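The structures come next, written out as structure tokens.
Across the two complexes that follow, subunit A remains constant while its partner is subunit B and subsequently subunit C.
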Partner chain A sequence: MATTTATVSISSSDLQPGNTLSINASSTIMQTGLTTGLELMDMGIGHLRQDSARDALAEATGTIDTTNWVYICNNATDDTFFIKVGIHETVIGNLGAGDWMWMPWNMGHADNEINIEAEPTGATIPYEYAIFKSTDTLPASDAA
Partner chain B sequence: MALIPTLILKDSTTFSDEINFSVTDSLTVAAPAQSLSTIACATAGANSIIVPASASGCYLFVRHTGNLSNVVLVENTDDSQFANLKTGEFMFLPHLSGSLGVQVQSAAAVVIEYAYWTI
Partner chain C sequence: MATTTATLSVSSNVMSYPTVINKSMKMMKFQSCHGLEETSGLRTKKFTATAAAVVVEQDEFAATKAAKVYMRNTSSDKAHFFYVAKHASAAASGTAAVTLGRLHGGDWMLIPYLADVNITVASSSTDPVVLEYIVFGTSA
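Our next item is the complex of A and B:
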């Protein structure tokens, strides 16, 4: 069985005087039902160009209401470059240079694609990503 | 003020090559910030707003504590859902959606942990 473990730690020594922040959490990512791990994974790197507008990082090609996880990291070194991240028409947030995000992705229905867009004008942003999925449906072949 | 988040993903059972990577970051954050807190989800998201409306955006951490097995829906405050959390799962992301805040809801009173830091 696939056993993928995600661990996050968030710390700060100067956020609150006299109170060091140290958050730690870990979970094994599972398919719906909490017994089977996620066995499908896409992982890669790319360059996102601002002039290509909003691009789909991944289409919602799996079964609706299943568990899927997304990691995206903006590897830009120019701190004015950021990636706008959304799910279809829902804007989630802006990923700044060097920033990463980890979140579940409910495919929900067919138009719940994850989309990313480079900003500002003229930006080309290197990024990396990993998507762990419960299910996937391969696109139909165009061959006659 | 600096916030240091680190994510580690490990898997040695699924593929013939082990997945094992770590990414960290140093984030500059500002007030207002909400220290690690808990809330029992209401059945209507409008009654469980965890990040107030702001044009600044924030880094957000949310974790399902597992006191109940119901799924937690994470939404913008216009009710547009963008994530589901099951028992024990967590998420960390930058949030900025116009000037909308973030709310959670569940069919039962699931307790979540959350914290946010203004960008």
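Our next item is the complex of A and C:
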């Protein structure tokens, strides 16, 4: 069984005056059956251009309402460059330069693709991603 | 200016060679080199019903900026999960278009948040399950 573990540490000594913030968490992510680790993954890097508008990073081609995890990082160094991240019509948020995200994705609907869009005008943004999945179905070939 | 740092480490043996992701970020204001200066503070909420509930209201922080939301299902039982959705009131369910995903026992997430719509959650169980969460952002 494959094992994937995700750990986070969030800290700040001056966000809450007189109260140091320190959050630590770790989780071994499992398939929806809860006892088997996720055994499929996609990962890659690319450059996202603003003039390409909204692009699908991953289609919801797995089983609906399952456990999947998405990591995306905006590797831009220009503070003004950000990536809009969404699931189909729902914009989740803006991923600023240097920011990463770690999000569950249940593919609750066949249209619920993960999409990304570079901003502002003229931006070309290097990014990297990894998607850990419970299931996946390859799209049918268009070949005759 | 406040400095808030978040560090991610993912290790996996899904592939035939080890996959390791290590990233650290400083939480900055929108299109800025200055750190986010406001937070909701760490909150905990116990759920004993499956009805969806709003945990983050959109008007707490400035919309379309650089807010971030951290959530963790504190249950030690993987079978107990929360649906997490971006929606005005409810509709956190397995097949709703606005549902992001499932947060099983022990799972955590850290996502950017547009603060344009509420964040709702729905527990899968009537057993007591505690969700912990915090929002980082700038004033609405």
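Basically, the second predicted complex is superposed on the first by the 143 of 144 C-alpha atoms of A that agree within 3 Å, B and C clash if a C-alpha of one lies under 4 Å from a C-alpha of the other, contacts with A are read in each partner's own complex, and residues count from 1 in each chain.
The working rule: contacts are C-beta pairs under 8 Å (C-beta built on N, C-alpha and C of every residue); 3 or more make two chains touch, one makes a residue touch a chain.
The shown structure was predicted, so the numbers you read here are calculated from the model rather than taken from an experiment.
Partners subunit B and subunit C, once the complexes are superposed on subunit A, run into each other and clash.
Within the superposed three-chain model, A:Asp111 lies in touch with subunit C and out of touch with subunit B [touch as defined at top]. Judged by the touch definition given at the top, the superposed model places A:Thr77 against neither subunit B nor subunit C. In the superposed pair of complexes, A:Ser141 makes contact with neither subunit B nor subunit C.
More subunit A residues lie in contact with C than with the other chain of the pair subunit B and subunit C.
By the document's definition of touching, neither partner reaches A:Thr121: not subunit B, not subunit C. In the superposed model, A:Ile64 lies in contact with subunit C only, and not with subunit B. Within subunit A, the residues touching subunit B in one complex and subunit C in the other are 2-16, 21, 23, 25, 27, 29-30, 32, 34, 37, 39, 41, 67, 71, 73, 85, 87, 89-96, 98-106, 108, 130.
Only residues 2-15, 19, 21, 23, 25-28, 30-33, 35-37, 39, 41-42, 64-68, 70, 72, 78-79, 83-84, 86, 93-104, 106-114, 116-117, 134, 136 of subunit C touch subunit A when the two sit together in their complex. Chain contact summary for the complex, subunit B toward subunit A: residues 1-15, 19, 23, 25-27, 29, 33, 35-36, 57, 61, 63, 76, 80-98, 115, 117, 119. Across the complex, subunit A meets subunit B through its residues 1-16, 21, 23, 25, 27, 29-30, 32, 34, 37, 39, 41, 67, 71, 73, 85, 87, 89-96, 98-106, 108, 130. Of all residues in subunit A, those touching subunit C in their complex are 2-16, 21, 23, 25, 27-30, 32, 34, 37-41, 43, 64-65, 67-69, 71, 73, 79-80, 82, 85, 87-106, 108-109, 111-112, 130, 132.
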